[in-house]
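What follows is a set of structures to go through.
Below, chain A partners chain B and then partners chain C, in two separate complexes.
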Partner chain A sequence: MPDAVTPGTSSTLALRLEVETFYYDEAALLDGRRFGEWLDLLTEDIHYWMPVRRTRISAQLDSEFSKIGDMAFFDDDRKMLEMRVRRLETGYAWAEEPPSRTRHLVTNVRIVGVEAELITAESNFHLHRTRLNSDESNWLGLRRDVLRRESGALRIARRHIFLEQTVLLAPNLSNFF
Partner chain B sequence: MNTDYRSMVDAGAGTVDRRIFSDAEIYRVEMERIFARCWNFMCHESQIPEAGDFFLSFIGEDSVIAVRDRKGRVGVFLNSCRHRGNAVCRAESGHVKSFLCTYHGWTYDLEGRLAGVPGYKSFYHEALERDKWGLIPAAKVESYKGFVFATMDPEAPALDEYLGEVGRVGLSMAAAHGDVAVVDGVQKNVLACNWKLAVDNLFDWYHVQTSHASAPLSGYLPKLPYSDDDQIVSLGEYGHAISGPRSTPEIRAQLAATTSKVPLFDERWRDTPEAAAALGPVGVASRGHPNIFPNLWIASSGVQLCLRLPRGPFATEIWWFTLIDRNMPAEQRRASVQRMNHTFGPAGMLEQDDGENWSQSTLATRSAVARRHPLNYAMNIGRGQISEAQQPGLPSIETSINEHAQLWTYRAWADWMAADDWPALKRDHAIPRGVV
Partner chain C sequence: MTGWFDPGSATLDRRVFSDPAIHALELERVFATSWQLVGPANWLLNAGDWISARLGAELVAIWRDRAGGLQGVVDLCPCCQRPLSTGERGSAAPLACPIHPQARGFARVPHLTERNGLVFANMDCEALPMMFEPDPIAVSRLIAVGEHRLRWTFAGNWKLAMEHFCSAIDMRDRVHAASDLPRRTSATQFPNLTFDPASSSLQVWHPAAPDRTEVDTWCVVAHDATEADRDAARRATQRAWGPGGLLAQDLAPHWQSITETSKGLLARRHRLPIEKESGQRAFYAWWHHRLTAANTRPRRSIPLSLRAV
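Here is the complex of A and B:
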């Protein structure tokens, strides 16, 4: 859960720049529909997860999000993400055929933990999608990632995605966040 | 416009007038004559186990609160203060001691009674009859095997009678999975389609090969041993139906052999004496999808329920409830929940591709020229022999892939729309006999 606000660490400017550059490159791959190359940015043991959110009173906000192991919009390991990419490449994935036009905006990047080769980073995102002539969807939210350095390069070992919406105002979730 | 609803559904030709999916007046009448009259699914009892637990649901577009009171009963109330109409509950679920209107502070207890009125003495001079100004309750609230339903119409028959054999068999498919409880997290999203086109699809085993072509191609969906040429359709009172492939002991053995941790394809529960007693021989063999009219789909052979809530003629909210046996081993539970997350819901490998079809279908019911031409539901028409020989009380058709259940849904829809009240509906509505 995105519980207490973790202050950004006094990490080096160089590290933050590296993480931001990584996110911008990742966004470019997704918006360029280069999903195979995007998969290369994920570790073998990635957990890609988007819980269900619901409106709760402030005293019960601890149950605002569903927990790992219960229902979620995404609860994927690498094999599942590869399957999703294969699906998009079949030419029969109608939610993306003709393809959507997406733009990922990634901002407010904060390094909130550094432990050996693991970097915990939070970022805000805005995924804008248009489809066909006039269909438009917007998703805003928080990503909390664990990045791991593998052979010198950053890889995503965990991505937890917390959307702002409770009832999703979109017909589907056919894109990556 | 012509409001002869029965003329909009031609059971002989197998056609449906496109206007029923877009006309604003027809939609308004649906809210009155279908949703405000029928039994509506609220939630499962496991979602609100303790006194004060509530789940916000809907009857048509009316927001309602399903809440457990201190005597352990579930009540259903309109989520609207009797003073100015403001919502008295704004969270989707949770736990309360009472419902406080945030406008002027009227407070209602767990049984809907008006318990507190600020200024009752000084401003109302004790003249307000508080016992007459409680929350508007549902006319009837009943559970069937843990599934809570409510109706706003006092003339509605008891839930058991409303469900009939088809509805009972449908819900029993879910209840037969053990000591089932809802897994936390009801997935909700909005589609730009008419609610009936979403409902229509649940019986549709014809669209799978095209709409969901990407699921087997990507390696997600294995080839299942069901036959397109061996299907069962059961038609129920008031528009309920079950439609889909036949399951046989051989098919179940084959599925079990390929099932690992994930029990979704494992249908051996159908071979238990409990299943035989609850479902009967046709119910046991029926691997199809039940719909409790108007809008509750019992999916995946009973492990998920999908509610389709109307939001105007051109929008529908899709709500997924997921059930699992409380006693399932942790590892199996994890795998099973994950598989359900991957299959249905807005990110589901199957469901992603459905929504746009229904949206585009809905769009083509609005435009001047397209709406002149009816939709075609004629598959297998004139070839469906209805029989109760296999299971008395469960009129069923044994056939190939077909559109009988969809057409029955629309025929029943027309009966509901044409009826002025419950007695008229009961008088003028009947399950067809013979050949359809």
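Here is the complex of A and C:
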């Protein structure tokens, strides 16, 4: 699907550049463990959601992911995300003490819809995590975000994360995507 | 000589968390002969509904037949050795090998039973009827919330998760859900089922390898729970015992460390003291009993049957 705004025009390119820059800055905050500042990038009504995926045959791929309201790995509102961040800052969140090392690679950014102040953007990500000496996890997938312009700045109003895994091949999900 | 578990000193030989020989013995003497949870009955409501499940190292497919009964086979076409199930569950579509739909000679799961809305299986032909004391789950019939379960995996031994849940409970001399405890304590059923009423979550800890566990997590509620209660239960399950849950995310790395340490020759010379809580002791005592001399019944083969879904 091409960019929903007129392809190839300078305003489209400018918007994509703005969104990409926003994602790179966001990734830098997460990898730098500046979670409090990361929270500032989220709207008050954010929905942060990672559905469960299961193997389906070709004819049933529409039911591959759990729907909203069904079981999910993440189904967080802002309050829950704030709680996760506060918990990480206590020093007693043992999954992250000592902290893991993460690197977020964000690519293939596509603006798939623009409606007034709302921008729908899809991006591919690779989250690489190591912890202690030999723990290593890799998550690749798609993020489908709704970004909203608030006082001129982009904010994340919705982040839906679609992983390329059915059984989660990691001991936990203690990082942000 | 002190055994793998010594009840007197309440100590464990650390190799029980990583020795392949002990793992093999567990599969044979514990998992091939114990009742294990397959899934919620409301996922097997109609004729043709099927789910794939793990019984120790055995991958099985369980379905509801036309007469309303439960059937199960090892999830493998005897002709081409492909799994019969595509994915983890399905409905209506006949469960058959796409290449050999007429195949016969499946290894059948000899015992299946439904208790309180949960389906259990046992691979042992001579298994005794299941003892299931559902308190503190204490409702007549449970249902799973939603169409999906949370599945995750960690590089640690399955017993560490069981031990964690057992430590919260006084099981006296039984490794079953204790029936006279306050409602909010967790419950376990030997070998690998746990239930946490505080988050309405049900976990099965599969022994995928000596040092690898695969976890199935369902959210279960009473069958007549309101929509609001179901939603609250689902959120509680996700936030406590999903892999991103605030309880589970810290525990798995801890269990991985214990498992990793248990591989050291020097570490193995130092027995691991377990808490002297009777829950943990009862778990290991029962586990040890099943693994050692008391379990001397001859092995029986799993019967073959013709299959007709």
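Keep in mind that, in the parts below, the second predicted complex is superposed on the first by the 166 of 177 C-alpha atoms of A that agree within 3 Å, B and C clash if a C-alpha of one lies under 4 Å from a C-alpha of the other, contacts with A are read in each partner's own complex, and residues count from 1 in each chain.
Note that in this section a residue touches a chain if its C-beta (ideal position, glycine included) is under 8 Å from a C-beta of that chain, and two chains touch if they have at least 3 such contacts.
Because the structure is predicted, anything quoted here is derived from the model rather than measured.
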Query raised in the report: Based on the superposition on chain A, does the combination of chain B and chain C result in a clash or a fit?
Result: clash
Report task. Based on the superposed arrangement, let me know which partner A:R103 touches: chain B (first), chain C (second), both, or neither? Result -> neither
Report task. For A:D70, select first, second, both or neither according to whether it touches chain B, chain C, the two together, or no partner. Result -> both
Query raised in the report: So, A:L173: does it touch chain B (first), chain C (second), both, or neither?
Result: both
Query raised in the report: After superposition on the shared chain, which partner residues are touched by A:R34: those of chain B (first), chain C (second), both, or neither?
Result: neither
Query raised in the report: Of the partners chain B and chain C, which touch A:T90 in the superposed model: first, second, both, neither?
Result: first
Report summary line: The intersection of the chain A residues contacting chain B with those contacting chain C is 50-52, 54-57, 60, 63, 66, 69-75, 80, 84, 87, 93-95, 131, 135, 166-174
Query - List of chain A residues in touch with chain C within their complex - result: 50-52, 54-57, 60, 63, 66, 69-75, 80, 84, 87, 93-95, 131-132, 135, 166-174
Query raised in the report: Where on chain C is chain A touching in the complex?
Result: 86-89, 145-156, 214, 219, 231, 234-235, 237-239, 242-244, 246, 248-250, 252-254, 256
Report task. Spell out the part of chain B that touches chain A in their complex, as residue ranges. Result -> 90-95, 183-192, 211, 213-215, 217-220, 317, 320, 322, 333-334, 337-338, 340-342, 345-347, 349, 351-353, 355-357, 359
Report task. Report the residues of chain A in contact with chain B in the complex, numbered from low to high. Result -> 50-52, 54-57, 60, 63, 66-67, 69-76, 80, 83-84, 86-87, 90, 92-95, 131, 135, 166-174
